[in-house]
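In the two complexes below, chain A is the common chain; its partner is chain B in one and chain C in the other.
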Partner chain A sequence: MSEPAARPAPLSTAAAARRVFELSFGEMLWSRRTIFMALVVGGPVLLAIIFRIVEAFGAPALRVNGARVAGGSVFGVMIWMLYIRFIVPVLGLFYGTALMADEVEDRTLTYLFTRPIPRGAVLLGKYLAYLACTSLVVLPSVMLTYFLTVPFAQVASTFRSLVLDLALLGAGLAVYGAVFAFVGARLKRPLVSGLVFAFGWEQLALALPGYLRQFTVAHHLQSLVPHTMPADSTLSAIQGLFRQTTSVPGALAALGLLLVVFLWLAMRTVARREYVLEQ
Partner chain B sequence: MPIHDQGYQRYAGSRASTGTAWQVIARAGIRTVLAERKFLALLLLAWAPFLVRAVQVYVAANYAQASFLQPKGETFREFLETQAVFVFFITIYVGAGLIASDRRANALQLYLAKPLSRWEYVAGKMAVLLTLLISVTFLPAMMLLLVQIGFAGSLTFLRANLYLLPAITLYSLAQVLLASSTMLALSSLSKSSRFVGVMYAGLIFFTGALFQAVRGITGASWLAWLSPSDALEQLGDAIFRLPLRYELPLWAAAAVVVGLIVASGVVLERRVRAVEVVS
Partner chain C sequence: MAAKTRYFVLTAAGILTAGLTTGLVASYMGGLPVALSHQAGPDDLAFVPPDAIAVGYANVQEVMASELRQRLRRLQDANPDSPDRHDFEEKTGVNVERDIDAVVGALLPAATGARDGNPLVLARGRFDQVRIEGMARDHGGEVSDYEGVRVIAHTGDEKTMALGFLAPGVVAVGSIESVKGAIDAKRSGRNVMSNTEIMRLVGELDGNNAWAVGRFDAMASTTGLPGDLQQKMPTLSWFSAAGHLNGGITGTFKAEAKDDEAAKNLRDMMRGVVAMVRLQSDSKPEMRAFVDSLQLGGEGKTVAVGFSVPAEMFDALEKMHEARRPAEVR
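And now, the complex of A and B:
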């Protein structure tokens, strides 16, 4: 009597996550959503192009109180107001909440869960695909915006701040993605809760004195921004008034902690939760 | 035992008059949303500012020391501005899935196979959103006016500020029509309610951030037409006879609001069809 064939060893979480990453990355990058993302990140680039054209013609539109606005300042304003305050949280929210919710809505989660891989690896792989996909679209748009707004003569002196910007935007995408991956894995209606967190709680906490700001991603992320914070509205003026920056190591440690905790919570939720697919 | 005739018989029941079918969709939609506890909590939260203002009116009417709290025409404008946050969240909560869910379930063909025109379908869906949005804008603002009359025990305030009646009506209408039509148009563009929600949030926040960024760079506030929310605020200031906050001409602000509503109508006309022609 022949012995039964040995069963192949189950894949480790890392190996399984890599497989899911390979599967999800292409799907994510060549989807209609990338068009939405391209439109969003195209805004600052378009603005930078207009800035470059207007500046080339020496138009007075770029003079505030008679003083000429420097390209570096324009880039700083764009990083603050478009990338840090809007693009990074929205992309984190959009993709983060969709990691599991999409599979549930499309009723394709069963196919992933019946594979001989740890359930947490499904989320981890998809999260890594999100990170790669968003970084590939967002970071080049920052580079383009930078080279369009900052004159070549200033590139050498400001290049360090560009590298810092790219690193902190990457960190922002990673942390917001992890937070919203957990929200998406845990809640049935993740979008409204995510919006309340990103555009309600975070904005409110930043405008309050005390320690509440420590419970936001934005506070730690904003502590790393090398540009001056613009006071464009009453709320941001109040936020600027109560602004306390954490030290760089402190902010990095807090962001790292948030990333690990929320990613672990999201993986744990996926591993334990019973998803009911609506018929 | 009687033998019933199993042959063709004409329908003997009552028939709803033509053009009233939208009420069925509206009633069903409102009932479904109101059955959700989370939504009721959101609705209650949306009435919290009304309570705060009512207390303010009561204190101002009964304590001479607190006369500085006396409501003015501006108070009602500020109140409706506060309600914009709830308008945003209710629009996303209720509106994102209104058409998207029907498209996802291929229910549009079923709806339109009945004696129901496309515009009745859209009117029914819009009525759901309009009713709920009016309940957090027009209704509490009018109630606040009544509370003021009640606590003051005279019509002096109303007589002195008679313009408030049309102002509250007009501004609330602009606010809810803009939100409802935009959301319905976006909802008809996708099958995923989450994607619709993110698109709507993107439209509101991204255009706002873009305007603030451009304003930060150029110092020009006439570019408020870039952001529909800011254009609406400008219109609100004019309706409530307050100094305008931006240099944007009034006709331009009105054109942005009306243009977006018309564009939404065009999108709905093209997207809400019984048969989708796929090329």
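And now, the complex of A and C:
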């Protein structure tokens, strides 16, 4: 009588997350969602190209109330208005909420859960794939936008700000991704809830005086931005009036805490929740 | 990893690496190599010594031809009490509007034991050297030769002022030390263009027809700013101001603080001031356009304020001026 085949030893969380990352990274990168990401991230680069062409002909590309706006300021406004306020939360929302939802929708979750790996590692691996995928699209786009808008003569004086921008955009993608990964793992309609959080709650809390802003990702992230906050709308003018920045260590600690707590909650939710696949 | 994924990762990493390397090289060298970055500022900066505290520039021809200047000239012509603008021409033989193209000004460190800095003005244009020398001699000036350059010196009550013909069409005016410093700067090639801090700021001001940059703390001590004011602005290191005159004036004032924290505090304070001014402007409609144009900017250690005074505002001020003048003058 032959002995039954030995069951493979279950992988550790780190090793399992790495396997899931390898599987998910390419899949995520070439998904339909990436077309959306390319369009969103390509916008600032396109604007920067137009800016550079107009400036090359000696004409001021951007004037505010008749005053010429310098390339460095244009880049600062792009970081604030396009990347910090829109691109980072939107990418975190669309990718983060879909980490588990896609597997449920495609009914492929069963294949992952029947493997001898911790369930939480599935989410961790997919989260790392999201982070790599978005960072590799967003950060080069910021780099291109920077060199297209900022004159070469100002590179030396503004390079430190660029490095800070890259670091805080990476941090933003990580924290928003963790928050929305939890929302995606926990709630039934994560996209709607995520939209309400990112463009409802966060915007409202930032405009109110008091401590409510401490419960937003945006407040801590915006405390680290090296550029001046533009007053482009009534809402941002009110937000600017009541703006209280946290110290750099405080903001970093808050972002780190949010990242760890929400990622842990998301992994715990995936490990405990019974997913019912609709037939 | 699939081949196309690998190519994508390599391309993205390549863009990031190339950008970061370029930025690091620029930061380390104080700027990008000349091949990549054109020389900022006017050529006459070659006459400014490298230790200049502040440097300024004005494109006189553009400023004089601007609509704003024409408007001010009409106002001046209409005012019988205004000083005669032909007075300067009669004394020096130089018509500013016709003969001067551009002016570079600089403030050099004070001589040992002296309190005030040494001013230097470099004018580029068309000058009648013989006539100017003759006039200087008539007023007690002494002509000498310094490193092959004709220098006219005039000793007053406290200082010796001088004028030197540095090159065809370039005249230097200032203290004897600063004029000699300008001659030495050009001859030795050691000039303000090698001052990376000043040239970095000058490089940001392209496209303006008048600008000034300088070290705020050094200027505050050499120009004798009141002690209270100096104490209230201890965190500022560099400043730059630039303006473009045509129908109106557009300009920016930028200051660099000692550190990010000081700049952030200053920006917060300025934001409050701008918001307050905006609220107040409702009662003064003639100031509305100017107040709306105030833009606060800056990043890291810098604080910047941009403004624009449109031509319409000068119209309003002109009307106010007309209304206040006595009827017999009108």
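Heads up, the rule we're going with is that the second predicted complex is superposed on the first by the 267 of 279 C-alpha atoms of A that agree within 3 Å, B and C clash if a C-alpha of one lies under 4 Å from a C-alpha of the other, contacts with A are read in each partner's own complex, and residues count from 1 in each chain.
Everything that follows uses one rule, which is that a contact is a pair of C-beta atoms (placed from the backbone, for glycine too) under 8 Å apart; a residue touches a chain by one contact, two chains touch by 3 or more.
Remember, it's a predicted structure, so these values are computed and weren't measured experimentally.
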Combined model on chain A: chain C and chain B, fit or clash: fit
Partner chain(s) touched by A:56 [first = chain B, second = chain C, both, neither]: neither
First, second, both or neither for A:97, with chain B first and chain C second: first
First, second, both or neither for A:86, with chain B first and chain C second: first
Touched partner set for A:276, first chain B, second chain C, both or neither: neither
Touched partner set for A:151, first chain B, second chain C, both or neither: second
Angle, in degrees and to the nearest 10, that opens at chain A between the C-alpha centres of chain B and chain C: 100
Per-pair minimum CA distance [chain C against chain B, superposed on A] in Å: 9
Contact residues common to both interfaces of chain A (with chain B and with chain C): 64-65, 69, 73
Contacting residues of chain C [partner chain A, same complex]: 1-2, 4-5, 8-9, 11-13, 15-16, 19-20, 22-24, 26-27, 29-32, 36-38, 40, 200, 203-204, 206-207, 244, 248, 250-252, 260, 264, 267-268, 271, 275, 289, 292-293, 295-300, 304, 306-308, 310
Chain A residues touching chain C - in the complex, by the definition given at the top: 22, 25-26, 29-30, 60, 64-70, 72-73, 76, 136-137, 139-140, 143-144, 146-147, 151-164, 166, 226-228, 231, 237, 240-241, 243, 245
Chain B contact footprint on chain A (complex, rising order): 33, 36, 40, 43-44, 47, 51, 61-62, 64-65, 69, 73-74, 77-78, 81-82, 85-86, 90, 93-94, 97-98, 101-102, 105, 189-192, 195-196, 199-200, 230, 232-233
Residues of chain B defined as touching chain A within the complex: 38, 85, 89, 92-93, 96, 192-195, 197-199, 201-202, 205-206, 209-210, 212-220
